[in-house]
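Below you'll find a set of structures to go through.
In the two complexes below, chain A is the common chain; its partner is chain B in one and chain C in the other.
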Partner chain A sequence: MTIAFDRQSAVPAHWELLPFRFHALDPTTTLLTNLVGEQVCVNPYQLTEIVDGTCTDEALLAELRAKHIIRGFGERTSAELLAMKLRTRMRRLPDSTGLHIFVVTLRCEHTCKYCQVSRQPTSGARYDMTVQHAERALDIVFRSPSPRLKIEFQGGEPLLNFAIIQHIVTAARARNVGPTRDLSFVIASNLALLSDEILDYCKREGIYLSTSLDGPPDLHTRNRPRPGNDSWQRTVDGIGSAQRALGVDHVSALMTTTEGSLGRVREIIDQYRSLGVLNIFLRPISPYGFALRRRGGGNYGVEAWLKFYEEGLDYIFELNAAGTLMVETYAVIIAKKMFSNEDPGYVDLTSPAGIGLSALVYNYDGAVYASDEGRMLAEMGDHTFRLGHLDTDTYEDIMLSDALLSPLEQSITTSAPMCSTCAFEPYCGSDPVFHHATMGDAVGVKPLSAFCQRNMGVFTLLLRKYRDDPGARAVLRKWAHR
Partner chain B sequence: MIVVNGRVVPHNLRTALPTDVWRVTDGSELDPPLPAAVLQRSTDGKVRLHLPNTRQGSEASAAGVVLDVPTSLDHVSVGDLIGISPDGTRLTVLWKASAQHNGLLLTERCDNYCIMCSQPPKVRDDDWLYERALQVIDLLPTSTPEVGLTGGEPTLNQDALLRLLTRLRDKLPNTEVHLLSNGRAFSKPDFSRRYAAVDHPGLMVGIPLYAPESSLHDFIVQAVGAFDETIRGILNLATLGQRIELRVVVQRQNVAVLARLADFVARNLPFVEQVALMGLEMTGFARSNSDEVWIDPVSYREELREATEILIDSQIRVRIYNHQLCVLDRALWPVAVRSISDWKAGYIDTCQSCALIEQCGGVFTTSGARVSKHLHALSAP
Partner chain C sequence: MSFQLKFDAKTVTLDALQRAAYALSDVATVEIREGDGEYICDVFPRDDGSHDDVEHRLRIGVIDYMLRQRIAEQTEPIRNLIFALAFSQTGLIAEEPAE
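Moving on, here comes the complex of A and B:
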C-alpha cells in the first residue's frame, strides 16, 4: 500500500477569507474578484456559504484556493503570491510620465465637428510653439524618471509647424546621454499635408505616424470636413504612402464614434482592414470641445455605444477565427488588466490616475496641462488642470502642484467611494478630468457617471465573452500577453 | 531499449579493483592512465574490456584485468563511463556518450511519496552515489552538452549536492545541468542562496507541480504542506534569478484541473523558463496505484490541448513529454518531444508500420502493457 492518506485528508481543515469583492452579473451568477482581479463565478447561495464559512463544496473551495480568494489556515503561499502579483501590477508607478505631448501649433486646415481643441486658421504664427518653450519642455521631459520616453507631436495639425518638430527631435536626441532612455517620437496628424520630404525625415529618424480615420468615405468626410471635401482620400493616401515609406508597424490610426458610426462598425473595421491597419481603437466621443455641441456628433447614450462596441468586438473575434489577427486596443488594455498581472498604465484607465503620472501636455503657448483633456477644458475656459507654465515653473513646481496632487489623491480607486468596493476595481481606473468636466469634481458620483457605466459595460461584456465563447477566450488571452 | 546493467566475467583479478568508475577507451594511448578500460572486439564479435593499469604483482596478471562482456552489454563504446563492482563481476553503464540525455542518480531517498512515482524511494544511506557522481563528472569531457541530476530527492543531502554543483561549475562550465528536485528544500532562503551562489551558468532545476492548490498536490505527493514549500521554494529561486522548469505529470487525479493549473502558472509563476507536461511511466508506484493514477492519454486530449494553449498564449514555453504522436492532438505536435531515455524507449508492434516512427518518442518499455489502448500507425502527413 503506497497511498498513506486520501484526498480528503489533504484538504485544509479550516480556511479563511482573503480580500475579495463581488458583483452580481445576473440573478444566478455572482462574480468574485481577488485583490489583483482574478475571477471566480459562483451563485449567490454559494457566496453566502463562502462568507459564512459553511461551504463544503470541495471542488469550489479548491478553485477559490487556487484563485487566492480563500486560503487554508496557516498556508503562506497565497499571501506571498498575491503580494508578488500586486507588486508586478504596481511596478510601473515609480517610472512616472512616459508620454509627453507637445502641442506644436493650434493651426489646422480641418474643421472636424467633434474637434476637442479650439483650432485656428492656418495662418498666424502666434499659435505656434516657440523654440524657447520647446527647450523648457524638454527640461521637464528629461527630468521624468520613466526609462521610456515617448514624445508625441499634436495640434492643431502638427505638420503645419514641422520646423519645431525637427528642432525638438534633434534636441531630444542630443539630451539623451548618460543613462539613456528608450526615446520614441510620434506625430499625430491628419496626413493631409504629408510630403516625400516629411516621410524621408520620419524614416531617417524612426518616427511613428498616428492619424484619425473614422471609417468609410462618407462617414469620415462628414465628421472631418476640410476645403475640397477630400479628407478621407488624403488620409487614406497618406496612410498608404506612410506604410510604404516607414513600414506598416510605424503607422497607426484612431477612430472616434459619432452618431453616424452607430450600426456601421463592420464597415469601419473593414475600412481599416482594407488598408492593412490591423489595430483599431473603437473610441467613444469625449465630452470636451466641439463634441459637446448639438451637432458635434456626440448625441448618443452609453447603451448605444456599448451595442456598437459589442458588434465591433464580435466581428473582430470572427476575423481572428478566420485568421485575420485584427486587434481592438481598448479590449487589449482591459484584457491585460483582467488576465495578466500587468497594468499597461493607459492614461484614462489606471489608478492613481494617468494625469501627470502617465502623461504631460505642453501647450503651444507654454502652459503645462495634466492631460490632453485638461488642455481642452482650458480652451473652454476651465483651467483646473493647468499645472503651470514653462516660463515660470520647474519640474518640481509642476509635479508637486496642488492642481495635480489633489485630483490624484481624491480619485484613487482603492479609496474612492463606490470604487473601493467594486469587483471591477482592478480593471478600472480613475479619470478625474472626465468627472470634473461632467460632474464638477474629481471623483464624481459613480452611479450617475457615464465613465463608470461605459466601463462596467465593457468589463461585463469581456468577461461574458471570455466565459461563454472559447474562440473569444483564446483571443483575449493572447491579447493579455501581447 | 538498451540494457545498462549486467554480469561480467573477470580474469586475472586477485584483489579488489582500485576504483569503481572507468572510462572506456580504444587503447590508442600508450599505457593509458587509471581508470582507462580498453575496449577490445575480437573477430568473432566477443567484447572484452582490458584494464591495463591493474597489474597486481604476479606473473599471471602482469597484463592487468580483463572482463568478458555479455552480448546484452556489447553496445558499450568508446567514451562511455562504466561502473565496475570491486569484485569485477557487475558492470553498470553510467554514461552513454551517444545518448541524448544522461542522468546521474544522486540518491534514492525522498521526502515526497508520489502516488505515481516510477522509481519508488528507498530509506537507506546512499551517500556513496554522490561520490560516484563526482567521479563521473571528473571523467567527462568539457564538451559534454548536458548532465541530468536525478533522485530520489537530491536536495536531501544539501552539502553533498552543493559540492557536486560546484564541481560541475569548475569542470563543466559550458554544460547544461538539469537538476530534478521537488523544490521543497528551496523554501529555506539560506539553502536557496547557497544554491544560487554556485552560479553555474547552465544550471536549471526541474520542479514538479501537480495542481494549482495544496489539497490535490499534497495528496498526489503524499506529503501535507508540500505545495506550500514547493511554491515558496520556486519563489525564492525566482527572486535569485535561477532558471526553473515546471514538470506536470498528467494523471487521473489532475486531468480535470489541468487548464486551471496552466492558468495558475501563467498568473503566478510566469517567470518559469519552461513547463513540461508529462505522460505517465507505468512502473513503480504508478503500477501499484494504477486504478488511482492511470488514464488513457486519448481521454484527456482536450484538457491537454487547452492547458498547452493557455501556456503558449501566455508566452510560456511548453514541452510535451512521453506522449505518442498518434494519441496527441495534431496541434500539439510541434511541442511534443522525444523525451523517453534511449534505454527505456521502445515501440509496440503497431508502431512498426507507422510513417512517423522516427519522429515519435515511442513508449516506456518499463510500462509494459500499460500504454494507451489507442496507439495506431499513422500515414505520412
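Moving on, here comes the complex of A and C:
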C-alpha cells in the first residue's frame, strides 16, 4: 500500500519532531529509530500522522516522547539527553587503537580450505617476525591513546614462533610503566601444538587462548586438514587442557560457516555445548584468500547464511529457555546497540570504520595494515590497506597515512548513500575493506552489497524475534546488559 | 524489457527520485530526465519478468524519500543542536590560543 503525502501539510500543534529515520519491516509495520537507535514500531498511517502533526493517539505520543522521536515545544531535556547518549556511544573514538595484532609467523601445519592467508611450510623460518620488528611494533602500540591495550598473536600458527611471543609479552610489560594501561594478551591458535610448558607460561602471564572449532569431527577435519587428519581431536583436547589449566573464561572458540555447515547448526552448537564453551559466534566466511576458490567453502549466498543463522539463534533461545545460558556473540553485539546505550565497538559495526582506529596489524615482515582483512588482501597482491612499514614509518606516518584516512573518511555512515537515511544506521557500520575487496570501492553500492544485505537481515531478524517472541525478548534484553 | 514512468515535478523532488532509483540498483537501473514539468524515468530491470515489482518499488521508494526529506527539513535545527551539544564536551576540539 502506498500513501500520498501533502508536502504543505500542517506542523504539529503541541509537539515537534526530533530527528528520526524509518524502515518498513513488513507492509503493516514501520520501524522508527532516533539518533541513538531507540526504536518504536508503528503502522504506515501512524507514520504519516506523526510527520503531519495530526496524530492524536495519546499512548503512542507518550511512547514517541519517551523514545525521543518527538518532544513538546520548548522542551530542552530531550535534546540534552540525546546529546548525552550520542556522546556515550561515541566515547571510544578519542581512545583509539585498542587491539594490536602481531602476525608472528606465516608458518602453519594446517591446510585449511578457507585459509585467508598464504600459509607457509613449518620449516620456513624466514616467515617469522624478528625481534627488531616486534620492538618497533611495540613502539607504536604504546603510542596509542587507548587505556586498554590488547595484543593478539596470530599466524600462520603463532605457537610455531613461541619465542617471539614470550619476548613481546616481557617487553610489553616492561614498557607498561608510568600511566599504566590495562594490558592483555591473546594467542589465536589451532591448539594442535599446545604443550604443558606453553600452558604453564600462559597461566603465569594471564594469557587468553582463542581457537577455531567448526563443529563436529567430520566437518572440522574436512575444513581444517593437517597431517594425520586429527585436527578436530587436537583442538578438542587443547580446549580441555586449556580450560583445566587456565579456567573456562580464558579459552574461547570461533567457527567459520562453510557450505558443509549449512543445515547442521544444531550439531555445531551442541559440539560447543559439550565442551563447556557456551559462547559461539556464527560467522559467515570472509571473501578473502583461499575462501574464494571453488572448494574454499564459501559457495553459498546471504540468504542461505541468514537461514543458518536464524536456525542457530532459535536453538540458542530454546537452550536458554531450558536453563543453558548459551550466547551468540554477534547477536550480543547488536542487542547492546539496539537495546542499551552501549556501543561495544565491534570493528565491523562502527562508524567511522574500525580500521586503524580499533585495530592495527603488524605483519611478520614488518608491514603494517589497517586490519586483518587488509593484510589478507595484501597476501592476494592488493596493498591498498598497507599503512606503512616498521623499518621506515613512525606512529604519525601510519595513523595519518592516506591509505588510512581516505577510507576512514568514506566510511562515515551518516554521509554514505543509503546509510544516511537507513533506520538501522545506529546499529550498523561500514567495512571499507570488504567493499573494496568485493566491489572495488571503499563505500560500495549498498543495494548490491552482501555486507548490507547480511546485516539488514540480522537486524530485521532480531527485531522480529524481540517483538514476537517473549522468550527471545527476555534473552536479548539480558544480552544487551551483559 | 525497459519501461517508462513519469513523476510530476511539482510534487516530487529530483533528490527523492535519484535516491529511490539508487536504492533500486539491485533490481534495475534508471535514467532520469526532465521535460514538460515531469521527471521521465526510463527503467531497465535486470530481470525481464520483474516489471511490476520494480515499478512498485520505485513508486514506494519515491514516496519514502519524500517523507524522509520532510522529516529532515523539520528536524534540521534540532539535529544541529544535538550534535553541537554532544561534541562540545568531548575535548576533541582544541581550544583556540589566546590572542
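The rule is simple: the second predicted complex is superposed on the first by the 469 of 482 C-alpha atoms of A that agree within 3 Å, B and C clash if a C-alpha of one lies under 4 Å from a C-alpha of the other, contacts with A are read in each partner's own complex, and residues count from 1 in each chain.
Here is the rule we go by: a contact is a pair of C-beta atoms (placed from the backbone, for glycine too) under 8 Å apart; a residue touches a chain by one contact, two chains touch by 3 or more.
Keep in mind it's a predicted model, so treat the numbers as computed, not measured.
In the overlay built on the shared chain, the residue A:G260 is in contact with neither chain B nor chain C.
Legend: residue contacts after superposition of the two complexes on their common chain; A:F20 is shown touching chain C, with no touch to chain B. Of the two partner chains, chain C is the only one that A:V51 touches; chain B does not reach it. In the overlay built on the shared chain, the residue A:A62 is in contact with chain B alone; chain C does not reach it. In the superposed model, A:H481 lies in contact with chain B only, and not with chain C. After overlaying the two complexes on the shared chain, residue contacts for A:P344 are found with neither chain B nor chain C. Looking at the shared chain after the overlay, A:G72 reaches chain B, while chain C stays out of its contact range.
When the shared chain is aligned, chain C comes close enough to touch A:L86, but chain B does not. Taken together, the two structures place residues 2-5, 7, 11, 80, 84 of chain A in contact with chain B in one case and with chain C in the other. By the touch rule above, chain B contacts chain A in their complex via residues 113, 115, 117, 120, 211-216, 218-219, 222, 224, 227-228, 231-232, 235, 257, 260, 264, 266-268, 270, 285, 288-289, 292, 309-310, 313-315. In the complex of the two chains, the chain A residues touching chain B come out as 2-7, 9-12, 38, 58, 62-63, 65-66, 72, 75-77, 80-81, 84-85, 339-341, 474, 477-478, 480-481. Those residues of chain C lying in contact with chain A across their complex are 11, 19, 22-27, 59-60, 63-68, 70-72, 74-75, 78-79, 81-87, 89-92.
Per the touch definition, chain A reaches chain C in the complex via residues 2-5, 7, 11, 16-22, 24, 35, 47-48, 51, 71, 79-80, 82-84, 86-87, 90, 93-94, 417-418, 421, 445-448.
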